[in-house]
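One chain, subunit A, appears in both complexes that follow, with subunit B as partner in the first and subunit C in the second.
And now, the complex of A and B:
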C-alpha cells in the first residue's frame, strides 16, 4: 500500500463527506420549517421574527449560509442549538460518546458470537448443529430491532425483573449499574448482526474449505486444527471484514432505534428529538457525524483487508 | 527394501449418486517398485484422479470402496487410523497437484507453507524448519531462496510455485510421490523445466512415483512404465519405450493414433490463391487506462501492451497457427480481429481497410467468425441448440429455398451430429459435441475466416482428434481459412501451413510448418519451444530423460 494510495483514499473520504454535507444542507433547506418560528413560537410578532432571521443569518442566500456553515464545520464549530442556545459540538460529542460505548459493545459481542457460530456451522455442514445455527440466523435476520427490543424488555425487565428497562448510567460513575443498563440494548443491536455475519462467515468458510489449497494442506498431513485455524480461517474471514464494515451503517441505524426505545441519551436520540424540534444545526451535525463514522470505518476495513491479504495491492 | 513400494491389488471403487452407483475403478492391480516411475494415462472420467485420492485416503463422501488392497511398504493404507494417516501424508507419501496457483494458500508466506511440513513431520522448531526450507528451495533451483521464503504465492510465476510444491513434497524424503497432471497448467517451457527438475530429483532421491496425466507423449518421456486406464479398467501396462511403437490393447492403439505427431502432416492442400484474404498491418492492443485520480495528478497511465505492431497476411483457405505461452498476445490478436477489443494499426480484409472496431460492417462480421475455448461459456445454457444455430442463419440469410429448420439440420449434419440435437440444451451434450455445435454456429454464417482460440484445449485427446478432422474436412468443403490459436505445438505442426510464434506481445517468427524439420527455426525462443515440447517416444527403447533443460 503506497502513501499515494492512502492520500487518494482520504481524498475520496473527504469528497464523500462534502457530497453528504450538500445533501444534508439541501434537505434541511427543503424542510417545511421556519427556524425563527420554531424558536419564537407561532405568536411572535413579524418584527421580532425578522430581527431573529437577520441575527441567525437566515435572510442570506442559501449558498452563503452553506458556506458559513461548512466553514464552521471544517473548524469543528457546528453552530449553536436552536432549542437551548448551547454549542452543538459539545452536546453531540457527549451523546456520541454514549452511543460509541453501545456500538462498541454490540460489535464486540456480535463478533464473539457470530464468528464461532459461523465456523461451527461451516465445519459441521449439513449436520444438526449447522441446521440449528442456520435456523436461528433466519429468525434473527427476520426480526427487526423494535420487535426484539420489546421482547427482551418484556422478558428481562417485566416478567423476570432482572434488568433495568430504560435509561443510561455512565460506566465511569457506576460500573455495575452502567453494565446492567447496557445489556439489553447491546443484545438488541447485536442480535440481528449476529445472524447476518454468522451466515456470511459460514458460507465463506464453506467455500474456503473446498479449495485446492485446503486439500493440499490436509494432504501434507497437517492436523485438522492447524488446517482450520491457520489455513482456512483467515481466508474465510477476509470477506467478513468488508461485510462488517458495511454493517456498521446498519448498526448506526439500529442504534438510533434502540436508543429511542431504551431511552439512552445517545446521538440517535439526540437526532430524533432535534428532528421533532426542527433544530436544524443539530440535525446537520448529527448526520455529518454518522456519515463520517461510516466512511472512516470502511476506510479502516480496506486497510485491514490489505494487511491480511497480501494479494491486494492498493496503488 | 525388497518388494514394491506401492501396491494396488484388485482395488474397486464406486461413487454413489442418488440410488444408482457408478463404478469408477474396476479391479485395479498395479505395483510400483522402489525408484520406479509409473505413468497412469487416461482420458477424463477414466478414474485416474480417483485412484490418486484413494491412495491418499482423501475420497469424496459418496465414494464406496468395494474391495481390494492399497499398501505402502507393506502397510495397509485402508486400515490406517486418522492420526497414523496424518503422520504418513506429507512425509512418506506426498502429492503434487495440477494447478500450483490453487494449491498454495494465498495468504500465507511461501516459507510458512514449506516449513510447516518439517515442523509437523520432523519435529523441527520453526527456526530450524525455516533454515531447512531455504535449503529446500535452493534444491529446486529457485533463485534467492531466502527472499523467496518471505514472499507470497501471487508474487511467483506458475513454474516457481510448482517448484515450491515439489520442494515441499520432497521435504521429508517420501517413499512415494503422486503427481496429478503437474505440468498441465504451465506453459510449455516451464513444464519442460519442471520435468527436468523431477528427473534430477528422482535420480538423487530414488523416490517412486505415480505420474498421472492425460498426455501420453509426455508420460512416455517421464515414466519407466505406462499404465493405460479406460473407464476405470486398467487395459494395458507396458514399458514406456514400447507403448507408442507396439501398443497391445485396442484402446491404447486408438489413444496412440490420436496423439498429435508433428511428423504426420494432416494437411497437404496448398492455399488456393496468391492474393491475400487478410492483411494485418502494425496491429497493437493495449489494456488498462488511467483512472480519474491518476489523471488528476497527471500520472502516467499503467497500460499493458498485449500486442505490439504485429504484421502478417493470411491467404484464402490458408491455415495459420498461432503459438505462444499465456500472455504472449495470441488471444488479444483474436479479440482485435473480431472487434472485441480496441486496437491500433490496420486490418485489411478482402481489400477493405479497417482501422477500428466500428469500421467492421455486417459483411466483415459475417465473414470472420470465432470459436472459443470453452463451449460451456460460449453456448447459451438456456437456449436450445436449434435456436442458437438459427440465429446466424437469420442474421446472414438462409440459402434460397431452404427453411430454417432444414438449414439447422443440415449444419448439424455437417458437423456430424444427429439432427434431433436441435431440440436439446447444451448441458445434454458432451464437451466434444458442444464444441461441434460451436463450430457449426460459426460456419452457419458462411465465413471466409474462422478464428479458433484453443478450441481443443479442454477436450480429451481422442475427441480432439475428431474435432481436428472435422475442421479439416469443413475447410476442404468450404475453402475456409483458419487462424488456429493453440499452445500445442505438435498439433499445430500437423495442420497449419504457417505458424506464427508469439512471445510477450511480439511476433518473433513466422515458420513454414512443412519445412520446419528440415530447415529448423531461426529465433532462439522458437528453438527453445521446439525443444521443450515432449514428442511421442517412438522407435527403440531409450532412457527416459528430457532434453528441455534451461
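And now, the complex of A and C:
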C-alpha cells in the first residue's frame, strides 16, 4: 500500500462527500415550502417572517447558503431543528449512538451466521445442505425488513410472548432489558445480509476450491480440513471484506426501517420523523452522516483489503 | 436466444422463477376480474374474518376482502416497480454506454460522481427525494429510479467497454457515424441482454423498496390497495388479525423471490460458464 494510493482514496472520499453534500443541499433547496412559514406557522406577520428569513439567511443567494451550511457541517455544526429549535448535531449524535449499537450487533450476528453457512454450502456443493442454504438465502433476500420485523413480532412478542414488542432501553441503565429489546431488531436487520453474504461467501469459496493450488495441497496429502482452514478460507474469505462493506448500505437502510417499527430512538427514526415534518436541517444532517458512515467503512475496507492481499499493487 | 431459453427453463431457479412470474403476469393482467369481491366494498358484519372458504385470505378491519385487495393491488406494486427499474435501466444504459464510448475526462468525472451517489443508501436517497416532492406513489417511483441509476450506469459501462473494442464499432467510426448514432444504434442493442438480466434482479429490490416506502407512509397513500401500505395499515390490528399483514407481506416476498430466481436463472443461461458452479 503506497502513500499515493492512500492519498488517492482520501481524495475520492472527499470528492464523494462533496457530491453528496451538494446533492443533499440541492434537493432540499427545491422544496416549495418556505422554511420561515414552516417554523412560525401560517398566522405569522409578514414582519416576523421577514426578520426570521434574514436571521436564517434565507434571503441570501443559494450558493452562499450552501457555503454557510457546508462551513458549519465541516465544523460539526448542522444548524438547528425547525421543530424544536435544538441543535441538530447534538440530537443526532445521541441518536447515532443508539443506532451504532444496533448496527454493531447486527453486523456481528451476521458474520457469525453467514460465513459458516456459506462455507458449509460451498464445501457440500450440490448436496442437500447446500440446497437448503440456497433456498433459504433466496427467501432471505426477498423479505423486506418490515415483513421480517412483523413476522418476528408476531411470533416472539405475541404467540410465544417471550420478548418485548417495541421500545428502547439503554444498555448502560438496564443491561438485560436492553439486550431483550435489541434481539428482534438485530435479527431483522441481519437476516437480509445473512442471506446475501452467505451466498457471496459460497460462490467465492467454490471458485477458490477449484484452483490449482488447492488441488496441489490435496495431492500433497493434506487433510480436507487442513486444506479448507489453512489454504482455501484465507483467500476465499478475503473478498468478504468488500462485500460486507458494500452491504453497509443495506444495513443503514435496514436500520432506518427497523428503528421506525421497533420505536428505537436512533438516527433512522429521527430521519423519518424529520421527513414527515419536512424538518430540513435534520434531513440534511441525517443523510450526510449516514452517507459519510458508508464512505468511511468502504474506505477502511479498501485499506484492509489492500493490506491483507499483497498481490494487489495499487498505483 | 431459444437456446438460452431452453437452458433457463432447465435450471431449477429459472424454472421456478418463470412459473412464479408467469402467475404474477396473469394476476396483473386479470387481477380485477379474478377478484372474488369488490376490493373497496366495506362490510361491518364481515370484519376480521380469518382466512376460510368464504374469504380465502380473510378480511380486514373494514370488512374488505384481502384476496381481492391483493389481486387489485398487484398492478400498483408490480407495474410501478417495473416502471421504476425500466426507467433507471434506460437512463443508466445510455449514460453508461456514453461513458464507455467517450472515455477520458467525461468518463472519469461521471464515474466518480456515480460512485459518490452510490454512497447514499437507496432508501435514504428515496427518503430525500420523497421529502422534497411530497408523498405519493409516482414520487416513490421517481425516487427509486434516481437511486437505481448509478448502479445501472456502472453495469452498462462495464459491459459496453468490452463491446467498444469490437470491430463493428471501429467500422462505424470509420464510416464517420456520429457518437450519438454509435452509442444508441450500435452499442446499446448489443449490451441489452446482460443489462436486462441485471435489471431483472433489481426489480425484486424495487418491489421491496416501493413497498417499504409505502409502509413508511411515503409512497402509495390510503386507500390504495398497495401491498406495503396494506401491511402498514394492518399493524394496528396485528394481534387480533395477523393474517391482515401476513398475506400482503407474503405476496411481496413471493414476487421478489420470483424476480430474484428468474434473474439468477437468466444470468446463468446467458453465461454458460457460471452455470457450472
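Quick note on the criterion: the second predicted complex is superposed on the first by the 315 of 315 C-alpha atoms of A that agree within 3 Å, B and C clash if a C-alpha of one lies under 4 Å from a C-alpha of the other, contacts with A are read in each partner's own complex, and residues count from 1 in each chain.
The rule we apply is simple: a contact is a pair of C-beta atoms (placed from the backbone, for glycine too) under 8 Å apart; a residue touches a chain by one contact, two chains touch by 3 or more.
This structure is a prediction, so every number in the text was calculated from the model and none was measured.
Enquirer: Please tell me, clash or fit, for subunit B and subunit C sharing subunit A in the overlay.
Expert: Superposition check on subunit A shows subunit B and subunit C fit without a clash.
Enquirer: In the overlay, answer first, second, both or neither for which of subunit B and subunit C A:308 touches.
Expert: It touches subunit B, and subunit C stays clear.
Enquirer: Here's one for you: vertex at subunit A, rays to subunit B and subunit C, all C-alpha centres; what's the angle to the nearest 10 degrees?
Expert: Placing subunit A at the corner, the angle measures out to 70 degrees.
Enquirer: Have a look and say if subunit B or subunit C is in touch with more residues of subunit A.
Expert: The partner with more contacted residues on subunit A is C.
Enquirer: Return first, second, both or neither, reflecting whether A:225 touches subunit B, subunit C, both chains, or no partner chain.
Expert: Neither partner.
Enquirer: With the two structures placed on a shared chain A, what shortest C-alpha distance in Å links subunit B and subunit C?
Expert: Between subunit B and subunit C, the minimum C-alpha distance equals 8 Å.
Enquirer: Enumerate the residues of subunit A that count as touching subunit B in its complex and touching subunit C in the other.
Expert: Common interface on subunit A, subunit B vs subunit C: nothing in common.
Enquirer: Using the touch definition from the top, list the residues of subunit B that touch subunit A in their complex.
Expert: Subunit B reaches subunit A through residues 56, 58, 85-91, 94-95, 97, 99, 102-108, 116-117, 120-121, 152, 154, 165, 168, 293, 297.
Enquirer: Where on subunit A is subunit B touching in the complex?
Expert: 4, 8, 11, 211-223, 226, 230-231, 234-235, 238, 308-311
Enquirer: Which stretch or stretches of subunit A touch subunit C in the complex?
Expert: 12, 15-20, 23-24, 27-28, 30-31, 125, 138-139, 141-147, 150-151, 153-154, 158, 203, 206-207, 249-250, 252-253, 256-257, 260, 271-272, 274-276, 278, 283, 286-287, 290-291, 294-295, 298
Enquirer: Would you mind writing out the residues of subunit C in touch with subunit A in their complex?
Expert: Counting only subunit C, the residues touching subunit A are 13, 112-113, 115-124, 127-133, 204, 208, 211-212, 215-218, 228, 231-232, 235, 238-239, 242, 245-246, 249-250, 252-254, 256-257, 260-261, 277.
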